[in-house]
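Across the two complexes that follow, chain A remains constant while its partner is chain B and subsequently chain C.
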Partner chain A sequence: MNQLIYNFAAWLDSHRWSTLLHESFYMYNWVETTHVLTLMLSLGMLFLVDLRLLGYAFPDVPASAVAGRLKLPMLVGFTLMVVTGLLLFYAIPVRSAQSVWFRIKFLLLIAAAINAFLFHRRMRESVAAWDTDQRAPRRLRAAAALSIIFWVLIVICGRLIAYNWFDCEYDQPAFVSAVAGCIAGQELY
Partner chain B sequence: MNAAVPIPWFRTIVVVTVVALGLTFAFSGLRIYVWEALLPFFEWMETTWFGVIGQTWGAAFAVVEAFHLLAMALLGGAVLVSDARLLGLAFTELPARQVLDPAHRLFVLALVLALATGVFMACGVAIKIYYLPVFWFKMLALATGVLFVFFIKRPLLHDGIEQLNPWLVRLVAIASVMLWFTVAASGRWIGFSG
Partner chain C sequence: MPKRYLALLAIGFLAISGSWKAWSHHAFSAEFDKDAPVTLRGKVTKIEWINPHAWIHLAVEQEDGSTVAWMVEGGTPNTLLRAGVNKNSLPIGTDIVVRGYQSKDAACRPACKANGRDLVFADGRRIFMGSSGTGAPKDGYDPRDK
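Up next is the complex of A and B:
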């Protein structure tokens, strides 16, 4: 599996556009800045919805109104984050694919997506019964809290990708090497 | 007995005076004088607990950086929602106060978290940022943003937006979005500089 991931990343790395993007000071930084600033749109809206369900924001606004109105900007934000995130991966594919933090972030993103899907379905089914209550029912509050925790961890992991403590380029303990998927004798980093 | 007599255009006079003083400061030698005088303060910042932890424990610095970004996300969300209401893009079926007041509470919470984490980060790299023009641009934008919110936006909207000129309300919303975008973008650029 790790060999397959490495081969795929090495193939991306052989692309001229990958190198050009990585080496372009302004283009790379613009893509990264867009990735970070879009947090205000995607996570900003998500946090407001989660906080509304937990009873900490917009207590006098129906929960369905908050969730319904903020859904579009939130989805626009997440789409931009995915596009810029893929571009950032494309610019530095081997190092990113072998980053411990990137791998944890990827798993957390899957967990957050599953939580969001279940949360959305549960909310749609039951919202009529508690729409104007200050707080959502317990199960939905748990899902909202879980969503906030997942995203806090995702942002922390995303930030830690920039640090090279566990890069395959350096000698690592066997455990770190295994988690990062380092390949013995690999030529690219 | 004159205290009760309202001064016409009082708030406008204060704002214009503050802007004039700010511009005088920005374009005079005083700016350089103050900057030079601040060097010992920035050197001291690196010797504080925050400075020592930030410089010696990279993981702590990185996690605080992440919380700075999370605060930015919440601040951005609160600003965008309240400005969307002012622009008539969302929640128009609700009274403005019902959206603006809770959004402002979240804004204050996010601002406090951003300032606390920002001070920690600044202590860790104080001398570096002292010499970075983009850090000072961010501080200028941040100060403008905070003054704008607490001395222009909130007092202006305090009595409701219904009696205000709709174009003034829209102008306030657009200025607010532009200001906070500038704060966030110049903050991100600190990381690419130096």
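Up next is the complex of A and C:
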């Protein structure tokens, strides 16, 4: 598995455009900045919806109205965030794929996606019954709280990718090396 | 109560962040030893023309004919461009001499590391390749150092 991931990342790294993006004078910085700004937009909207369900934001506005109005900016932000995120990975594929933080972040993203999927289904089924209540039913509140927790952790992990404590190019304890998926004798990237 | 938690959190964060080292962005003294000057003569093996610091990888020739892998940190690509050097000036295999300062850890893993101060081409052309104002020694290599 780790060998497969490494091979894929090394293949991406061999692309001319990957190097060009990483070594560009300004483009990489623009992509990185856009990633941060659009994640603020996307998560800012998402957290407002979550907080509405928890009863901490706009308690007197129907939950479906809050969700409906914030959906467009949230999705625009989300789309740009995903595109720029993929580009950031594409620019530095090997180091990212072998980053402990990136790997934790990836699992958290999957968890957040499953949570969002279940949350939307429950919300669609039941929103009419509690739309004007100050707080959503217990199970939806749990999903909203989980959504906030997952995304906060995702952002923290994303920020920590920049630090090199657990990079494969240094000597690491066996446990770290296994989690990061370091390949013995791999090339220096 | 919440205020106290917030204060604790903030203190914890500051305590940790003080000891954090960002991937290759730092002051000179955080990573390099001004008392360990090195002169490296060898062929370019790889160039990483990236922000915040460019890295030039060298196969440094030893007296017995073997080579040791070194990676030398330069300024930003933009600084180097203004100093008169870009990625195309340093094709793989170029013979260069780099003067600089070795990293404090001197671990040589995955390669020996140094902060480059100046770079001399085979034709004698000399270029300042370091970063000014980062706490690096004022060693006369930087023409802008006053």
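Everything that follows uses one rule, which is that the second predicted complex is superposed on the first by the 188 of 189 C-alpha atoms of A that agree within 3 Å, B and C clash if a C-alpha of one lies under 4 Å from a C-alpha of the other, contacts with A are read in each partner's own complex, and residues count from 1 in each chain.
Going forward, a residue touches a chain if its C-beta (ideal position, glycine included) is under 8 Å from a C-beta of that chain, and two chains touch if they have at least 3 such contacts.
Nothing here was measured: the structure is a model prediction, and the numbers come from that model.
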| Looking at the overlay, does A:94 come into contact with chain B only (first), chain C only (second), both, or neither? | neither
| message | After the superposition on A, what does A:188 contact: first (chain B), second (chain C), both or neither? | response | second
| query | In the superposed model, does chain B or chain C contact more residues of chain A? | reply | B
| request: Identify the partner contact of A:171: answer first if only chain B is touched, second if only chain C is, both if each is, neither if none is. | output: second
| query | In the superposed arrangement, which partner chain does A:9 touch: chain B (first), chain C (second), both, or neither? | reply | neither
| request: Pick one for A:61: touches chain B only (first), chain C only (second), both, or neither. | output: first
| message | Contacts for A:45 in the overlay, against chain B (first) and chain C (second): which applies, first, second, both or neither? | response | first
| said: In the overlaid three-chain picture, which partner chain does A:29 touch, first (chain B) or second (chain C), both, or neither? | reply: both
| field | First, second, both or neither for A:104, with chain B first and chain C second | value | neither
| query | What part of chain A is shared between its chain B contacts and its chain C contacts? | reply | 25, 29, 162-163, 165
| chain C residues within the chain A interface of the complex | 20-24, 48-51, 77-78, 87, 109-111
| note | Seen from chain B, its contact residues with chain A in the complex are 58-59, 62-63, 65-66, 69-70, 72-81, 84, 90-91, 93-94, 98-99, 102-103, 105-106, 181, 184-185, 188-189, 192
| field | Touching residues (chain side chain A, partner chain B) in the complex | value | 25, 29, 32-33, 36-37, 39-48, 51, 57-61, 65, 69-70, 73, 151-152, 155-156, 158-160, 162-163, 165
| Complex contacts: residues of chain A adjacent to chain C | 22-23, 25, 28-29, 162-165, 167, 169-171, 188
